[in-house]
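Structures follow.
Two complexes are shown next, each including chain A; its partner changes from chain B in the first to chain C in the second.
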Partner chain A sequence: MRLELGNIFIKDVQFGDTTKVLNGVLYISKQELLDAVSGDTRLTSIEIDIAKPGESTRIMPVKDVIEPRVKVEGSGGIFPGFISKVDVVGSGKTNVLKGAAVVTAGKIVGFQEGIIDMSGTGADYTPFSKTNNIVLVCTPTDHLQQHEHEEAVRMVGLKAATFIAEAGRNITPDEVKVYETLPLLDGVKKYPNLPKVAYVYMLQTQGLLHDTYVYGVDAKKIVPTLIYPTEVMDGAILSGNCVSACDKNPTYNHLNNPIIEDLYERHGVDYNFVGVIITNENVYLADKERSSNWTAKLAEFLGLDAVIISEEGFGNPDTDLMMNCKKITAKGIKTVLVTDEYAGRDGASQSLADADKSADAVVTGGNANEVIQLPAMEKVIGYLTPADTIAGGFDGSLRPDGSIMAELQVVTGATSEIGFNKLSATQY
Partner chain B sequence: MVKEIERAGLPVVHICTVVPISLTVGANRIVPAIAIPHPLGNPALSYEDEKLLRRNIVLKALKALQTDVHEQTVFDK
Partner chain C sequence: MEKNVKIITNNPDVYAEFSRIMDIVFVNGQYMDVLIAVRDKIHNDYKILTHPLMGSIKPNQTPYRSLMIESSDSLDFQSLEIIESSIEMCKKFLKDKSCPVWNEKVLEDFRFVDKRLFQSALESL
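Showing the complex of A and B:
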């Protein structure tokens, strides 16, 4: 499966009469965008705003971030199972409005939604202070159930990204990147002397607003399976996750998974990147056992020499991570884990809820408990009040002047467990 | 908490969904629970069946409390 990703560099986003891309500027017609996303009776209003890098702007509470992508050639369309039919994606050509992002915000759904600051300390901690953000603030009807609220807002985000991306359909990309994965046996034959490496991609599926979807299927209902890495780049996996702001994977991160991109980078040189195993993080012990048995079985079946395993979220998924590590290692396959830490505010506590001796190569995305100070911003898109109650906040987090003192976990994407940020730590 | 209470000389049963974590932290008597969002119940069952399920977990825990153990033991029978 071969995909050409055509990046159209977006250096600015402005409102305009029509939605179009011209000389690297994305113009958005508010009315056209509203027409594209409206119609869900569960939402009483949708407001659209723009937040640019460097501005004194705070967006909160943030639910999801989505990159606008459009399928130009090849089967299927972006976000199969939700926006497009369930045709197989991941081949042909896809154009990307690189530098633009759709952010969904508005009244809090759950309790762990995040903050994006476009300048100041908070901006250093989130990758989404560097994108030009089209923010949709959605207001639900009274007494709407949380899962309905989440679904309604999720669909607004996906529809908005899909609509905006259409503006890039006929634009010649500034840069084209080619990614190709051969059918397994051909791929193995092509590089007989290189170690065979795969990526074990753990998806957050604890339920109750911790959900991830694969081709429209709630991933808690899958058994681990194989997917071509390029399918992920076309939106085969997307977030329905309103929790764990700092270490969940927003849809944007799934589309741009750095572990996949980096594995391609040295593919055919240092190793043979044969594919991706997706698995889940369910709340029943039998599910955890079954899924980790299955990842180990697939790793063995593929004849792998090594895997990278990434976690999503924290707490009991630490056990899924350790089970995957232990069982895959027991097959004689090397493992490297990517996670983050909840090591207490001073960093002195045990970092993960579970541990195993076989976890001897671990990369961290940082300590989510560290306390940070976020200065007041001149403009707020959404609402400041949840600052005291989102995970990582506490009584008095929000100060009268609009500044916030809270744990790092309040910042969207701060401790990404797929390496979609700059934080880490090293032992010496 | 399990370890501190045991240190004070009282036997403890840890009813816990993720048994591996309980083993990692060092609980000695472990009774598996149902699921993380509902450790001691199951909303998918009828009221009567759920009551029976809950009663069985408590009975199993009481039995575990009275059982001599010499190593970490999971009461999953």
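Showing the complex of A and C:
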């Protein structure tokens, strides 16, 4: 399967009469965008705003971030199972509005998460302070159930990204990147002397507000399976998770998964990147046993020499991470884990809720308990008051001057467990 | 030996919904008290069916916790390991910051999320 990703560099986003890309500037017609995303009677209003890098702007509470992508050649369409039919994606050509992002925001539950600051200290911690963000703040009808609210907001985000991406359909990309994965046996024949490496991609699937979808299927109902890495780049996996700001994978991160991109970098040189095993993180222990048995079985079946395993979330998924690590290692396959840490505010405590001696190569995305201070911003898109009730926030988090003191947990994407961030730790 | 499945919870909504159809122990206490009640059961030959730290909501944010356990033939070491690590994790969070006194609206949402996560686990039973 071969995919050409055509990056159209977006330097700026502005409102305009029509939605188009011209000389690296994305113009958005508010009315056209509203027409594209409206219609869900569960939402009473959708407000659209723009947040640019360097501005004194805070977006909160953030639900999801989505990169606009459009399929210009090849089977299927973006976000199969939701926006497009369930045809297999991941081949042909896809254009990307690189530098633009759709951000959905709104109050879904009483305790809220997700801050994106476009400047100041907070901006250093989130990758989405560097993108030009089209923000959609959604207000639900009274008494709408939280999961219905989440679903409505999720669809608004996907529709908005799909609509905006159409503006890039006929634009010649500034840069084209080619990613190719051969069918397993062909790949092994092509690189007979290289170690075979795969990526075990753990998806957040604990239930309400903690879900991930694969081709429209709720991933807690799957058994681990194989997926071509390029399918992920076309939106085969998307986020329905709105409860863990710092270490959840927004849809944007799935589309841009750096573990997949980096594995392609040295593919065919140092190793043979054969593909991706997706698995889940259910709360029922028998599900964990079954899924980890299957990841190990698939790893063995593929004849792998090594895997990288990433988790999503805190606590419960640590057990899945260790089960995967232990069982895959027991098959004689080397493992490297990618996670983040809840090591206490001083960073001195045990980082994960589970451990195993086979987990001897671990990469961290940072300590989510670290306390940070976010200066007041001139403009707030969304609602500032939930700052006291977000994860990592506490009574008095929001000060009278609009500044916030809280744990790093509050910042969207700060301690990404797929490494889509800047934080890590090195031992000398 | 017939398996005996029990719910241990401090969430009144879970109690209200399941007390008629399942064996349920209501813990009049905090998140940590539920974990300790589960640990005591494990020492009496129960194993856990659902993860004590389910959900991404941290132990010093939500006051509610619901778990499912099942009788076993002997001490289940995996359950013991998981519950002990979870208690340690919970202590660590509470050491830095205790669970705030929430208003009723927030408590209602926490109860709802705990109940729904629990229901999704029940579907696997």
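Following the convention adopted for this analysis, the second predicted complex is superposed on the first by the 423 of 428 C-alpha atoms of A that agree within 3 Å, B and C clash if a C-alpha of one lies under 4 Å from a C-alpha of the other, contacts with A are read in each partner's own complex, and residues count from 1 in each chain.
One rule holds in what follows: a residue touches a chain if its C-beta (ideal position, glycine included) is under 8 Å from a C-beta of that chain, and two chains touch if they have at least 3 such contacts.
These numbers come from a predicted model, not from an experiment.
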Greater residue coverage of chain A in the superposed arrangement, chain B or chain C: C
Which of chain B and chain C A:His254 touches, first, second, both or neither: neither
First (chain B), second (chain C), both or neither touched by A:Asn369: second
Chain B versus chain C as contact partner of A:Lys196, first or second or both or neither: neither
Partner chain in contact with A:Leu208 - chain B first, chain C second, else both or neither: both
Contacts of A:Lys327 with chain B and chain C, given as first, second, both or neither: neither
Which superposed partner A:Leu285 touches (first chain B, second chain C, both, neither): both
Which superposed partner A:Gly344 touches (first chain B, second chain C, both, neither): second
First, second, both or neither for A:Arg69, with chain B first and chain C second: neither
Chain B versus chain C as contact partner of A:Arg58, first or second or both or neither: neither
Touching both chain B and chain C, residues of chain A: 206-208, 283-285, 288, 316, 318-319, 353-355
Chain B to chain A touching residues, read off their complex: 17-21, 24, 32, 34-37
Chain B-facing residues of chain A, complex: 206-208, 283-285, 288, 316, 318-319, 322-323, 353-355
Residues on chain A engaged by chain C in the complex (per definition of touch): 109-111, 146-147, 204, 206-210, 220, 241, 243-244, 248, 282-288, 313-316, 318-319, 342, 344-345, 349-350, 353-355, 369, 388-389, 391-392, 394-395, 409
Of chain C, residues touching chain A in the complex: 48-51, 53-58, 61-62, 82, 85-86, 88-89, 92-93, 95-97, 100, 102-103, 105-110, 112-113, 116-117, 119-121, 124-125
